[in-house]
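Each of the next two complexes has subunit A plus one other chain: subunit B in the first, subunit C in the second.
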Partner chain A sequence: MGDVKLAFVVQKPQYKGETSRLAITHAIAYQTVEILLEDGDTVTPTLCFVGEGVLGLQKGQKAMDLYEVTSTETHLKNCLLVDLDVLVCKEDLAKYGISEDMMPDAEDMGADKKIKVAPFSEIQKAMEDAKHILFF
Partner chain B sequence: MKLAVFVSDFKLTYDTLDRLKADKLGIIFVANGVYHATTKENGEASSLLNKTLNLYALSEDIQTRGMKDADVDKRVRVVNYSDVVDLIFNEYDKLAWI
Partner chain C sequence: MATLTVGCFPGLIGNMSYDFVVKLAGAAVNKGHKVNIWFAGNAAGSVKAHQKHLKDYSTGEKHLKALIEKGVEICTCEACTVARGIQKPEGIEKIQWNAMHWYLAKIHASDRVLQIGGE
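Let's turn to the complex of A and B:
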């Protein structure tokens, strides 16, 4: 089987529905899949945010304080901590006036990985390279 | 009819809202609807902000999404849950959630 690439594409904002969050938690869960694979087989997910999906990426989310639910920001940090590739559409960030420094990193948790702002063409490439594309 | 419409999505609400008529129309932005009050698309504020003068946005939902009350358009009054209860009981006869 070799390496199976998956593209998780988030196109909706967070919190109102569960699906856009599930994209993130499912992507993180790729590590647990390893116990079901043969030696040498791997799964490599890429988490992509496009369209309104980029709206859920701002840091400073108070979801735990106000609603006692884990924030999307926390899930994103966990993605970076497990070295997941996170691509955010550059054009859509510009469309909604969100700058790169408005998004979280996970340096405080010891992660080197950072969210990558990428043109849609790069996200398109990630989708083309993936065996399975999952839209949320 | 005094109608308060809870707008809980950022998109997919225009067609319905455009057809709703009320003597006094209030729009209360909650959940992902708060992006109408905080976020410009290609530099343009949401057209819903021109629909009525009675615009409200829920502070808890703004902050949940990493934004601040100060990010809200000047035309929109930032309210908390207690204020929303007052609006429901004192200002509007009927409610819709779209």
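Let's turn to the complex of A and C:
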């Protein structure tokens, strides 16, 4: 069957509920799915944040210090470390007054991949290219 | 016939989305389709055995057992489940426990995927 592209579309803010976090962890699971697939089969997710889903992504989070839970920032860094494509909607960031340079990177962990702040048209293209879309 | 995988995230009690998942799965398997259900988030709490069916609320256990008997594969996110204080020996028999890659693997082989969002 080869590669199956998936679009994970996060519409809910981080920390407000559980599912916005689960979107990230489910997407990261693509790294280990091959143990359950036939040789040559792969899953390629693209993680997209739109609408209120762009809230709670900024760098400098202290979730571990204050609540003893892993921050969304750390999860995003893990995404970049495993070469996951992460798209954040440019228009929605602007709507909430969040500057693009507030997006975290994982350079300190050695990741080359970066979060891509992308126009919605690019996120729409990722959804069109995916076989399945999963809304969180 | 087709393969349908349903990701179920809402809690069992007080949420009709959960009832929709089990009813839809039943309808699909009765038509001869292959059905997989993945529980994560609050839905993971619904794999606890010995649920009491109070008439005021929906129940999951009898529906899940019936679906399993019809060949539906049901799997719960182990991390989500143990986070809710439910250990595997306390779970409904024949429900699988696995990590999130189980869901992705089932999606890979599916013709259709329904993601029923949670809270």
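The definition used in the following text is that the second predicted complex is superposed on the first by the 136 of 136 C-alpha atoms of A that agree within 3 Å, B and C clash if a C-alpha of one lies under 4 Å from a C-alpha of the other, contacts with A are read in each partner's own complex, and residues count from 1 in each chain.
The rule is short, and it goes like this: contacts are C-beta pairs under 8 Å (C-beta built on N, C-alpha and C of every residue); 3 or more make two chains touch, one makes a residue touch a chain.
Owing to the predicted nature of the structure, the values given are computational and were not obtained by experimental measurement.
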item	value
Contacts of A:Leu6 with subunit B and subunit C, given as first, second, both or neither	second
First, second, both or neither for A:Glu73, with subunit B first and subunit C second	first
Which superposed partner A:Leu22 touches (first subunit B, second subunit C, both, neither)	second
Touched partner set for A:Thr44, first subunit B, second subunit C, both or neither	neither
Which superposed partner A:Gly97 touches (first subunit B, second subunit C, both, neither)	first
Touched partner set for A:Gln14, first subunit B, second subunit C, both or neither	first
Touching partner for A:Gln124 - first (subunit B), second (subunit C), both, neither	neither
Partner chain(s) touched by A:Gln58 [first = subunit B, second = subunit C, both, neither]	first
Set intersection of subunit A contacts, subunit C complex versus subunit B complex	none
Complex contact set, residues of subunit A against subunit B	13-16, 52, 55-56, 58-63, 65-67, 71, 73, 95-97, 102
Subunit C-touching residues of subunit A, taken from the complex the two chains share	1, 4, 6, 17-19, 22, 25-26, 28-30, 32-33, 35-37, 41, 43, 45, 132-136
Contact set on subunit C toward subunit A in their complex	7, 9, 40-42, 80, 99-105, 107-110, 113, 115, 117-119
List of subunit B residues in touch with subunit A within their complex	8-11, 31-32, 35, 39-43, 60-61, 63-68
